[in-house]
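The data blocks that follow each hold one structure.
Both complexes shown next keep chain A, but they swap its partner, so chain B is in the first and chain C is in the second.
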Partner chain A sequence: MKFKSTLENYVFVAPAVIIFAIFYIIPFISVFQLAFFDWDGILPTKIFVGLSNFKEIIADKVWWQSVWQSGYITLIALTFQNAVAFLLAWACDREIRMKNFYRLIFFIPPVLSEVVVGLVWQWILNGNYGILNYWLTQFGLANLAHNWLSDPDTALTTVAIVHCWKGFGWGFLLFLAGLQTIPRELYEAARVDGANSWNAFKKVTIPLMIPVVVLVAILTILGTMQVFVLIYTMTGGGPGYHTEVPVLRILASMRGSSRFGYACAQGITFGVILCMVSFTQYLVNKRAKA
Partner chain B sequence: MRYGKFLSILVIASLFLFAGCSSKPYSGKSITVWHWMTDREPAFNELAKRYEAKTGIKVNFELYAPSDAYSQKVRAAAQGANLPDIFGILGEKRDFSSFIKAGFILNLTPYMLEDNAKWKNSFFSKALAVNEFNDGNSYAVAPGIYGVPIDIMTIQMVYNKSLFKELGFNPNRPPQTFEELLAVGKKLKAANLEGLVSGWGEIWMIDCLANNYAFNIMGKDKVIATIKGEVPYTDADWIKVLSLFKQMQESGLLASGIVTMVNKTAEQLFANEKAVFAFNGSWSVNVYKGMNPKLEYGAFLPPKASDKYPMAIWGGAGSSFMINARSKNKEEAVKFLSWLTETPQQAYLAEATNNLPANKDSINKISDVMASFAKAMDYATHPNVWGVSEFSPVIEAFDKGIQSIIIGEKTPEQVAAEVQKIKERELAKKR
Partner chain C sequence: MRSTIYYKAKKTSENIIIHLFMLTVAVTCIFPLLWMVSSSLKTQETIFKDMSIIPKALHFENYYQAWIQGGFGRYFLNSLIYTVAVVIGIIIISSLAAYAFSRLKFPGKNIIFFIFIAAMMIPIQGSFVALYVLLNKLHLRNTPVGYILCMINVGLSTSIFLLKTFFDKMPKELEDAARIDGCSKFGIWWNVALPLAKPVLAVVVVFNALNVWNEFILALLIFDSRPLMPLQVALITFQGEFVTRYPLLMAGLTISIIPILLLYVLMQKYIVKGVTQGAVVG
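What follows is the complex of A and B.
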């Protein structure tokens, strides 16, 4: 009877396990295996090269530049994007007019296709006929007007800001959900105790929002480090290598150079970097909570 | 009851009658073709209908776009041995050779040589060359013809005749020398016009123009010798090639944002008369026609920077189809491609899609601009016919380096040194 019951349980779980194995575990093992080979993705023969793909990654300056650049975009997203998301969520949590309308508006960018967003912003930022330069000129700031995406000094920050515009809605939604779980009685009690708005925010809102902030930070880091569609659409990684990010480099190795083994090694290296970042963040949060 | 029986017989008889009149009955055989050419999809489907009516063989054209996604699909299908009967390969000759060596592509030489090489001789030789592997090729592929060109293309300069006139130049005389080209650049700012637009954000188009000038400045042999590793990229001639981009930027010829510009944007700017020049392929005739049918423009070879060697441009087969060597329908597939490249079908494709036909006899009825692109075939070359391929990381460093020169970040000498360093690294790996 017990055996039958156990078997039944396994039968129920089996489809999910099989699907997970086919679509996640087997490809992961294949990627890990391919990282030790030189393979063009077409020929049936693969040449075993040991760790040489990983050695090459260590010396690949463009790869590390791309990692640094995705780190820079992540830093901007962590600070600027999440600060904007938090402030807007805080504003919408209060009794303001048309707050449902604002909630809807703020959540539009995340649901738009990244390709569409990239193309629209490319048009806005265009140096020749872009609307941004037009308005800068109208407001007497013509000296600031230039080609934002082709200038190496502004290209990366510009794509980072567009990424923030595209992504702040997720943070907004999570922050708003978090703010709405804070019991209103706590604010009333704080007010009775003589706390002003700032003190209530500092002593009630922030401590109770820490778990949500941690969650949003983790999602922001993991999401932003892997950004590429937006950049691919807006700059293609250029000018030069100024907006290259790791996923674009992996694609370049696969598609441009037909080096599947090297691309897999880059993928594993990037995965390890992401794990290290997440683990560090976990430790920092644990220490902060303690 | 009697009336119903009579009606049934009449209906069945009519069906047979109409079926007999319309076309050959469906034979049950079908051929699957994978392609990425969105603009040619309706024309392909029309031709498939005509072929089915003629032979009873159904041809399914399956479109997978954009080309990047298509390319990945073909590779994935090759790994899973699921390639269709007919497909195209996008990429370098090195990739093409890997498909052949893996046994995925049928050698078409015996079919091409039938009837005194009738099929082979119907094509422009340069169109066929892209799909050909000669004796002793560096890819170690058995010599032969492995693909059927569907159309041809050349990539050169186009100029807007009205804007050219507005700038005070003769609208029927495009720049003949590099100095004349730079002279146009100097007049652009005052006229508030953009100069040269091109998809240099997609770096292969920079590579294309740089190679054109490399052929003009140092000749084919020296370019090939560089690829073989016998001449360094730090050679004075290569620095001269790289310096041309600096000169173009300094003269104001290059449109702002060209280093991140995709070709679609460049095409829009040129079609909307915002730019005087574009560096684009013969496929653009169809694109410009769709965007601005009234656009007055002409095509010309990139102006010479040196009199030492002739100017060369990239050209040859625009798109080609290959036959799956493991397909059960390979004989039918050969017959279909042979039919598709016959004069009437090629003429129809040229007319419907504004692409240059690969069949020599179909090129009579084309517009003046298309004729300019077709004439430029005499100057055409392509990396896929050189017999040697440059390492991909070297090509990337070279093209990205040109972007850096244009944005004023690096000098031609610096870029040349960096490219050479990568070249040496790749050569060392090969050894």
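What follows is the complex of A and C.
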């Protein structure tokens, strides 16, 4: 009876475990196997090459350029995007009208797909027919108008800004939720003690918001480092390699040059980089708390 | 007296500045979508010249053309089928598992749950390469079933976590009552636990629906044949083939976001809840 009951309990988790084992665990393990082989994805024979894929990555200039570029986008998202998100949340936390309207609007970009966002912005930023350049010309700023996405000097920053446009709503919602948990009495107490709004912000808001800020920072870093669909849609990594990011490189190794082993090695390298970033942040966070 | 006026004036001017800032950002959020709809109503000739936001002549026939000739009707249906199938699958599979993790006893329970949660934390970037190879081996590539199973797997961990957290807090009395009435375990799961979990299920439904509808990379790798493609991949393919047919592309984009915006406006409450809860998880 007991045995039958336990067996019945396993039936509850069986579908989840089976799907998870096939579509998560097995690929996870085989990434680590494939990374040591040279394989085009089709032939039945895989050639064992040891660590040579990883050695090649160390010398792969485009790869490191792509890592650096995703770091650059992350830096912009961390500072610019989160600063805007925080300001908006702070403004929305006050007694103002249309609060719900703003909240509704600010979260529209995050629910859209990256493909839609990429294609629409590509059209707006189009060098010849885009409305941005049209407006710049109309307002006498014709010298600013250029092909935003195919100029190597501006492509990466433009992509980063569009990424911020798509993502700031997340930070906004989280900051707002955090601000709303701060008891109003604290602000009143500060005011009674003669603090102006800036001092209240500095002494009450900021210290209480540090955990939320750390959380948003972690989510921003992990989310932005892995960005690629937006870029795939807007520039495809070009001009040249100027907007390449690691996940795009992995995809290119797999689909472009049919080097499945190399793609897996790149995936592992990038996973290690991400873990190192998270760990560093964890250490910094721990030190900040102490 | 003077100080009240001063205080009020300061307050008003502060509010004006705040509203200006918020409105600017709001316009920036809305404008790309407006421009997309506007462009979708222009013709092949006017789209490159007419820079007005409300075009002089509205060409609604673009939508008809996009739906029929552009094939977006077909792709829309595909996306809808995949989304519904995946969401139903996730609801059933994850609520069964979450209920077991929360209420039932069996050896290995904690370690299995731990593995599910750990999977949420570890980013593996190369996994789609291996997944592609695996699907090829299983002859599931380029099949709806393969895609649906992959997407169920993507949403599983978070959904299980959210539901288990809810079940843990659920009072046991109702289940006990049902058990005394002779309800089986599956009966309790279906008749007691699931109806009580409706608010969390709503969060699970909204997030997974958005996620599947907007998913791109797995769909790109899995589907070769055009009639099976969901909207996101079809949009990219269309853009790649008909670079200059912007009105139709814009109409296709508009079609693709209508369900998303509807879902968002109707379920906004659950999205806010999900973001704040989900973030604590990840």
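The rule we apply is simple: the second predicted complex is superposed on the first by the 270 of 290 C-alpha atoms of A that agree within 3 Å, B and C clash if a C-alpha of one lies under 4 Å from a C-alpha of the other, contacts with A are read in each partner's own complex, and residues count from 1 in each chain.
One rule holds in what follows: contacts are C-beta pairs under 8 Å (C-beta built on N, C-alpha and C of every residue); 3 or more make two chains touch, one makes a residue touch a chain.
Please read these numbers as outputs of a predicted model, since none were measured by experiment.
Because the two structures share chain A, they can be overlaid on it, and in that overlay chain B clashes with chain C. In the superposed model, A:G41 makes contact with both chain B and chain C.
Of the two partner chains, chain B and chain C are each touched by A:Y129. Contacts of A:G256 after superposition on the shared chain: chain B is touched, whereas chain C is not.
In the superposition on chain A, A:A217 makes contact with neither chain B nor chain C.
By the touch criterion defined above, A:D151 lies against chain B but remains apart from chain C after alignment on the C-alpha atoms of chain A. Of the two partner chains placed around the shared chain by superposition, chain B is the only one that A:G238 touches, whereas chain C remains out of contact. Comparing chain B with chain C, the partner in contact with more residues of chain A is C.
Superposing the two complexes on chain A places one of the chain C stretches 75-83, 237-245, 255-263 or 273-281 into chain B: stretch 237-245.
On chain A, the surface patch touched by chain B in one complex and by chain C in the other comprises residues 41, 128-129.
If you check the complex, the residues on chain A that touch chain C are 6, 8-10, 12-13, 15-17, 19-20, 22-24, 26-28, 30-31, 34-35, 41, 84, 87-88, 91-92, 94, 96, 98, 101-109, 111-117, 119-121, 123-124, 128-129, 131, 134, 165, 170, 173-174, 177, 215, 219, 222, 226, 228-229, 232-233, 246-247, 250-251, 254, 260, 263-268, 270-271, 274.
Across the complex, chain C meets chain A through its residues 15, 18-19, 21-22, 25-26, 28-30, 32-33, 35-36, 39, 47-48, 51, 92-94, 96-97, 99-101, 104-107, 112, 115-116, 119, 122-134, 149-150, 152-153, 156-157, 160, 185, 189, 210, 213-214, 216-217, 232, 235-236, 239, 246, 249-250, 253, 256-257, 260-261, 263-265, 268, 271-272, 275-276, 279-280, 282. For chain B in complex with chain A, the residues that touch the partner chain are 68, 71-72, 75, 78-79, 91-92, 94-95, 98-99, 101-102, 104, 194, 201-203, 255-260, 262, 265, 269, 274, 392-393, 396, 400-401, 403-404, 406-407, 409. For chain A in complex with chain B, the touching residues are 40-44, 122, 126-129, 147, 149-152, 155, 234-236, 238-241, 252, 255-259.
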